[in-house]
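To keep things simple, chains are lettered A, B and C as they appear, and every chain counts its residues starting from 1.
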Amino acid sequence: MSTDLFAEYRSVGYCEAFEERTPRPHYAALVRRLEAMSADDLAQRAHLTAAIFRSLGITFAVYGDQEGAERTWPMDLIPRIVPPQEWDVLERGLAQRVRALSMFLDDLYVGEQASVNDGVLPRWLVESSDGYLRQARGIGAPHGARVVVGGIDLVRDDRGVYRVLEDNLRVPSGISYVLENRVAMTRVLPVAFARHEVLPVNHYGASLLDALRSIAPPAAGEPVTVVVLTPGVHNSAYFEHAFLARQMGVELVEGRDLVVEDHVLYMRTTRGLQRVDVVYRRVGDEFLDPVVFRSGSLLGVPGIVAAARAGTVTLANALGNGVADDKAVYPYVPDLIRYYLGEEELLPNVTTYLPWQPDQLAHVLDRLDELVVKPVAEAGGAGIVVGSQASAEELDRVAAALRAHPRGFVAQETVQLSTHPTFVEGRLAARHIDLRPFVISGERTEVVPGGLTRVALREGSLIVNSSQGGGSKDTWVLAGGG
Amino acid sequence: MRLEIRYVTDFSYRKPVRESHNELRACPAELRHQELLSYRLAIDPPSRVHTFTDFWGTRVDAFGVRGRHDHLRIVADSTVTTTTPDEPRDDPGRASLDDEHRAEHAQYLAPSAHTQWGDAIAGAALDLAAPAGGVVDLAQRVMAGVHDHLDYAPGATYVGVDVTEVFVAAKGVCQDYAHLSLAMYRSLGVPARYVSGYFYAADQSRGDAPEAAEIEVQTHAWVEVALPGFGWLALDPTNRLTVGERHVKIGHGRDYDDVLPLRGVFHGPADHDLGVSVRMTREQMASQSQQ
Amino acid sequence: MLSRHAEDLYWAGRYIERAEDTARLLDVTYHGLLESPPGEAPAAWRELLDVLFLQDAFGDPEAINAATVTRFLVLDPDNPGSIVAAVARARENVRGVRDRVSTELWEAVNSFYLEMVDRDLPAELADRPYEVYRLVKHECQAIAGVANESMPRDDGYRFLVLGRMIERAEMTCRMLAIRYARLRREAGPAYHQWVAVLKSVSAYEAYLKEHRAAMDPTRVLEFLLLSPDFPRSVLFSLATAEAHLTDLVGPGTGAAATRLLGMARARLEFCEVDDVLASGLDEFLEGVQSEIWRVDDAIDRHFFRSGADLDLHAYEAT
């Protein structure tokens, strides 16, 4: 630790890279390489990174900003490294979790609802979930693949234990950044990258396409026609939708490009209607079909749900997954894993309290300033209140909301996320990080090595969302035996 | 009672439209006291129908017409035989509406789009329920209260009207009677669901049996209350009647939205005429003479 | 390809051409007036609006003068026929198909748009309008060049060119209608006027090559209307459009669009300029324009419209 770069580096909490002041073994090579570089050198490379993203037009939309302003994607130069033995557990744990959640969903929508009947979780809890779509009852998914793309948010606590923070089973986004981060990283830190045997991620498009093809309805033609359905150019994730369509070499369509005739889905082309077999849809359930969902907006493809029900087209992800990533259902996931797979969960949850249980509500209200309160159905960090950082007024508001609508919230123990050296303001400093790996499930289940590491760029902050000042890191999963 | 029912919807569009997609819920349910003998659906222009049973157990016919068309005619013919549903032998006390009962029927207790009650409705419900002994008594008192409170006034309300507005205006049609009843039952912690169906009566709001064998009616709506230890007790607040053999049930749900007879979309100029008619014909049953 | 993408490309082509041709029309009107009596001006600007079918959109006829019409046709974002509006729409269209066009084409359109936004166009228009027209022409031709050099000859390219050619044929008809209306009113030789007309469509040199210095109005008309070789003539535009349309429709299909376009092209191909003048140029040009509209409508119905454009209505029935 002789150079300027690490001279003032202080670990905070559980540091991914150092134990005491010594680099962990899987970080040794990277630290050595960084030590050979100056702060100026890193600053130049950071500049180059930003220039690469800008020129590629890789941006994200910031909610609340005027005119849906777009910002260049912020990638931190210092990669996060996951050693093979850790990844092995993560990979198995993630696949296990998504498998169980898919079985749960399939049982709810086309099965006997065995887990509910057997009391694994209360029926009323399921029936009161906003994500439980009664309109989806009876709509099957080939191979039971209801969560074709799942994004599972992981955190590491102050003892270094990986825990699942939440599941994203509807239309999780972020994979395009994983791929673009890797492309940028190989350009700005080529030597460091070359010194590690990093598992590749660039086959994501091919893997997703394979999975989507594998769930085509029996009547599908050969080759199977897959499309990506986007809400349109004004959606905050439009960049990713276009990116994925390009990666898979399939058409990027909007609702108005599709039409249903006799319960078969087609796209409108200049040579007439062309049949569509599988829709990777990045449109929320409620906006898919104005015949079935009364969103009032008349968006979507009239008849597409009837077509899915008739089994002529597969929607991915399946309809109604929101019930399984309802945060009030999340505490039951380990039980669901035991119930459906007969296995113990490989990745533990974060301790979570359910305010609809009167004793837990009392406990939560008592410790409101220590806990994190989340609305059950939001995604992307919306509506979260971190008790330790909230004002007294805010806590009063939260307490009132909890009492008025206890089913609408959960409370979790505040996890002191692990930290990672991050290049901020011309030096390396410890910042909190999380990880969103992506799990693809068609006929088989595959976990993309790594995932999106998000980093809270503000000192001490636990909020990693890019819309709230978070950055990202390339995530290197090292090959086994190395 | 053996009834033939013909449900007809006629769209005529001023200018041709295309790409219409529709969901029809007009088929009588199969129940212990209601047997479906036949059901036939005819659509013009001809259209391929995909039939399924929805979450609530209702038969749904989904169909679309893609090409240009200036009319859409849907004719659903059914034949049913009905008997009077069983009535509860005794009246369970209100204590039987316990946590277990509520948990079992949670979805019929929560406010839904058309049953969002406020203090006014909850207060009126409490007043109606106060003297009630058991749950059956309570259910009937609320039914009577709703019946007395509202004036039957076709055209006074529209589908989607807020239930509090209905309560304040004190008039409506069968859907409003049903929604107001549901709001009151649920505010009292009594699980209750919306029923869509047909009613063989000379007048949809008085409930007298018709003199002619063949009559023109409209679709009807009533409610079912979850009675502990019994099942569903069906009540018709529009007519202040316990549901009997002249009621033909199509299906149920949390409210109108879950079981409305026909919904859909079409592309084109909005201008259209829509006519819905229901004809019910009572038949002499061969078996009746043998009883 | 998706109908929506095809439509975006077709209209990108039309709008880019519209911007260019509007600049050419303004240019020739402006320069034509430099050497005319001052009283001529309002009539000339009114004719320009008329031929572009923008008189109603412009509003108060009393307000017609060089400055107001120029601003209206170049700068007014609310005028769908203005150059800035056309460029903005072209950019929107190309953005909608960004994945289907070359990056170079997107960049060319985008940078043109940004340049129009960044410049102080009102000042430049007042000061040296020809510079603005030159810029627009230059940028539009650069875009056409980039498309030509960077796009594979697939359906996307064909729709882009089809749109440009249809627009060009129509705008050239309009330009001819204006010029001949004016020239009929003005007796005597008007050599410089003909030079201006030819220059406005970059045809001066090509014309000289074919006809030496003989500046015969009939020959000029023949050249711009019926030349089979000159790329801005109406016949050439329609013939090019027809070739692309035939590829797009595919062999053996009797599409209305191909039939109508073939008829329009054939009418020009087999007519004599003297007959046109004898039976009335205005009627002839109007006839060609209405044929082009029918072709456009047929293209629209064949490739783009399949119900998606109609309003969606939800209904419920009890």
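Observations, loosely collected:
Heads up, the rule we're going with is that a residue touches a chain if its C-beta (ideal position, glycine included) is under 8 Å from a C-beta of that chain, and two chains touch if they have at least 3 such contacts.
Not measured: the values here are computed from a predicted model.
By number of C-beta pairs in contact, chains A-B lead all other pairings. For chain A, the chain whose average C-alpha position is most distant is C. Innermost chain of the displayed assembly, by C-alpha centre distance to the whole-protein C-alpha centre, is A.
The centroid of the Cα atoms in chain A and the matching centroid in chain C are 49 Å apart.
With centres taken as mean Cα positions, chain B sits 43 Å from chain A.
If you average the Cα atoms of chain B and of chain C, the two centres end up 61 Å apart.
Shown for chain A are the residues that touch two or more other chains, namely 259, 290, 298, 302. Touching two or more other chains at once are residues 307-308, 312-314 of chain C. For chain B, the set of residues touching two or more other chains reads 19, 66, 263-265. The touching residues of chain B, when paired with chain A in their complex, are 19, 21-23, 47-48, 50, 52-56, 62, 64, 66, 102-104, 106-107, 110, 257-258, 263-265. Within the complex formed with chain B, the chain C residues making contact are 307-308, 310-318. Residues 122-124, 127-128, 134-135, 137-138, 259-263, 290-292, 294, 298, 302-303, 306, 309-310 of chain A touch chain B in their complex.
Chain A contributes residues 233, 242, 245-246, 251-254, 256-257, 259, 267-271, 273, 290, 298, 302 to its touches with chain C in the complex.
By the touch criterion stated above, chain B contacts chain C in their complex at residues 9, 17-19, 66, 159, 175, 218-219, 260-270, 272, 274, 276.
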